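In the two complexes that follow, chain A is the common piece, with chain B as its partner first and chain C second.
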Partner chain A sequence: MKPMKRSNEPIFWSLFGAGGVVASLVAPALVFITGLALPLGLLGPDALSYERMLALVSSLPGALFLFVVISLLLWHTMHRINHSLHDIGIKAGLGGKVIFYGLALVGTMAAAYFLFATPL
Partner chain B sequence: MPDRREIDIEVMRYNPETDSEPYIQSFRVPFDEDTSVLMGLQYIKDHLDGSLTFRWSCRMAVCGSCGKMVNGVPKLSCKAFLRDYYPGKLRIEPLEHFPIVRDLAVDQTDFLEKLEAVKPWIIRKDEKPLSEGTYLQTPEEVSSYLQFSSCINCLLCYSACPQYGLDNSFTGPAALSLLHRYNADSRDEGKSERMPLVNSEEGVWGCTLVGYCSEVCPKQVDPAAAVNRGKVNSTMDYFLRFLTPRGGVDS
Partner chain C sequence: MSARNTYVRPMSGWYRRNPHFLAYMLRELTAVFLAGYAGVLLAGVIALTRGPDAYAAFREFLSSPLSVGLHVLIFIAALYNAYTWFKVSPKAMPPIVLAGRRIPDRVIVGSQLVACVLVFVAMLLLAGMS
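Moving on to the complex of A and B:
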């Protein structure tokens, strides 16, 4: 048997797992707030107003929260897509990893840039 | 009144010496409430075609040798009953993802090599002398591996596993469950010998948690859970190796 090469999958699996927690606990609440509660008028018209949202992203806890939600959900999604391709018999291999994890990385960096690096 | 029902059983036949490819042959078999699929095959062998080849031994879901595909689902043929398929018919095929030796008998060599590779035995650095008595375990220590020790090597989970079907370099559900069974045993000291395999693409990382293995397992081993624990162990090993000299391998 050939010598075993250590997989770097634990990095992506950890991000996938953390993203899974966000996807199951936080995402449904966000979907409820933005997709149901607001259009149904349960929250009042100004709940997600520009000023409030600006205040949210301008505060460190708010920006951190959004960064975690955006980034981890991206890692979670991209990992799942990459593996589902494998499940249906498409061998995306290294190219798949580069494309999908690359997208997650770009999304993460973009979120970091817009949330933390732009002058407020 | 005696039960006189009959059912059609389609069996995949293949004799490598005379057939260029497998084909299906149909038999009509009498059965009653207690007739297992295995007994149906034995009826064919005893009364209709003595050349039909298949494996069995215990007839009570213990030995793990009678696995077949029954209507596309991996089953122990001694634990499946003809009555449950009536009035439909059955198609019995050899376990998927393995080469056919003849008719319903498959070549298990690949699995046996994998089984050996996970070192499914208790490894001790120093054996304690008999005079010091047995190794004691708390109920909690026993429960951490007990379910994974019920595997009967029936290979149903390998036929269920799409990853093994796509690429059989993957170590697969049962071998990884047994690997975890020994790694999780408090008497064992061989974790560092097994982790390189766990950590590899051929180890737990070849799994995408489809979960069908656990569904078809006749012994409630839940191989998917064992593989997932392997993923947790491998992830700890991956990051902890930078912190501890032994790579976090020996707890």
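Moving on to the complex of A and C:
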């Protein structure tokens, strides 16, 4: 008998779970601030100004915060979308994993590059 | 040998047969909106590294009616996803026993809802400070 192949699902589920915490605790507030309160003028005049946002991403805690939010949101949502394909009758298999986890990985690397490796 | 002609129950539109299935599919759909928001955040970060003009263009996009309309949908999706996440959390985590009693589900769900509101208020104050 061939030994059973170890599943890689726990890795993706862990990222999905961590992303779920970000999506449920932080995402509603962030979406409201950047997508609604800011354009509708509910915040102060200097809110999210270029200078203040530059200071945020130049600080390690600020850059780490944005990196964690962007990356984990992607791992969370890509995992969910990949599994939802089955629910709508699409058998994506390995191809689905490559595409959706690949997108999450590309987004994670892009976030890391622009937050940590780009001179400001 | 003739091909087998087994009856296969049709599955198209299965989630419309039961309101619980529909709620499940709506929760799964929130992932599309949240993924879009991750893209918006990443675009904002990239614009920021490109300089003041690129960041101003990003801010202008955020102020467009299309963006505000999409963010209303994203906000609703984020709230619904958060609600479902808190609601299933007692089933997903091992039971917490305190002084010989298991902490009831409503306490676990309620404390997370309170935490979510606190984060919301704290981040709004942080962002609004000038």
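By definition in this document, the second predicted complex is superposed on the first by the 115 of 120 C-alpha atoms of A that agree within 3 Å, B and C clash if a C-alpha of one lies under 4 Å from a C-alpha of the other, contacts with A are read in each partner's own complex, and residues count from 1 in each chain.
The rule we apply is simple: a contact is a pair of C-beta atoms (placed from the backbone, for glycine too) under 8 Å apart; a residue touches a chain by one contact, two chains touch by 3 or more.
All figures in this text were calculated on a predicted structure; none of them were measured in a lab.
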Touched partner set for A:G89, first chain B, second chain C, both or neither: both
First (chain B), second (chain C), both or neither touched by A:V69: second
First, second, both or neither for A:M4, with chain B first and chain C second: first
Which superposed partner A:F116 touches (first chain B, second chain C, both, neither): neither
Touched partner set for A:G44, first chain B, second chain C, both or neither: second
Partner chain in contact with A:T77 - chain B first, chain C second, else both or neither: second
Chain B or chain C, by number of chain A residues touched: C
Partner chain in contact with A:L30 - chain B first, chain C second, else both or neither: second
Footprint overlap on chain A, where chain B in one structure and chain C in the other make contact: 83-84, 87, 89
Interface residues, chain A side, partner chain B - complex: 1, 3-7, 9-11, 13-14, 83-84, 86-87, 89
List of chain B residues in touch with chain A within their complex: 113, 117, 162-163, 166, 196-197, 199-203, 205, 208, 210, 231, 234-235, 237-239
For the chain A and chain C complex, residues of the former touching the latter: 20-21, 23-40, 42-48, 50, 53-54, 57, 66, 69-70, 73-74, 76-78, 80-81, 83-84, 87, 89, 107, 110-111, 114-115, 118, 120
Residues on chain C engaged by chain A in the complex (per definition of touch): 11-12, 15, 25, 28-29, 31-32, 34-35, 37-42, 44-46, 48-49, 52, 55-56, 59, 62-63, 67-68, 70-72, 74-75, 78-79, 81-82, 85-86, 112, 115-116, 119-120, 123-124, 127-130
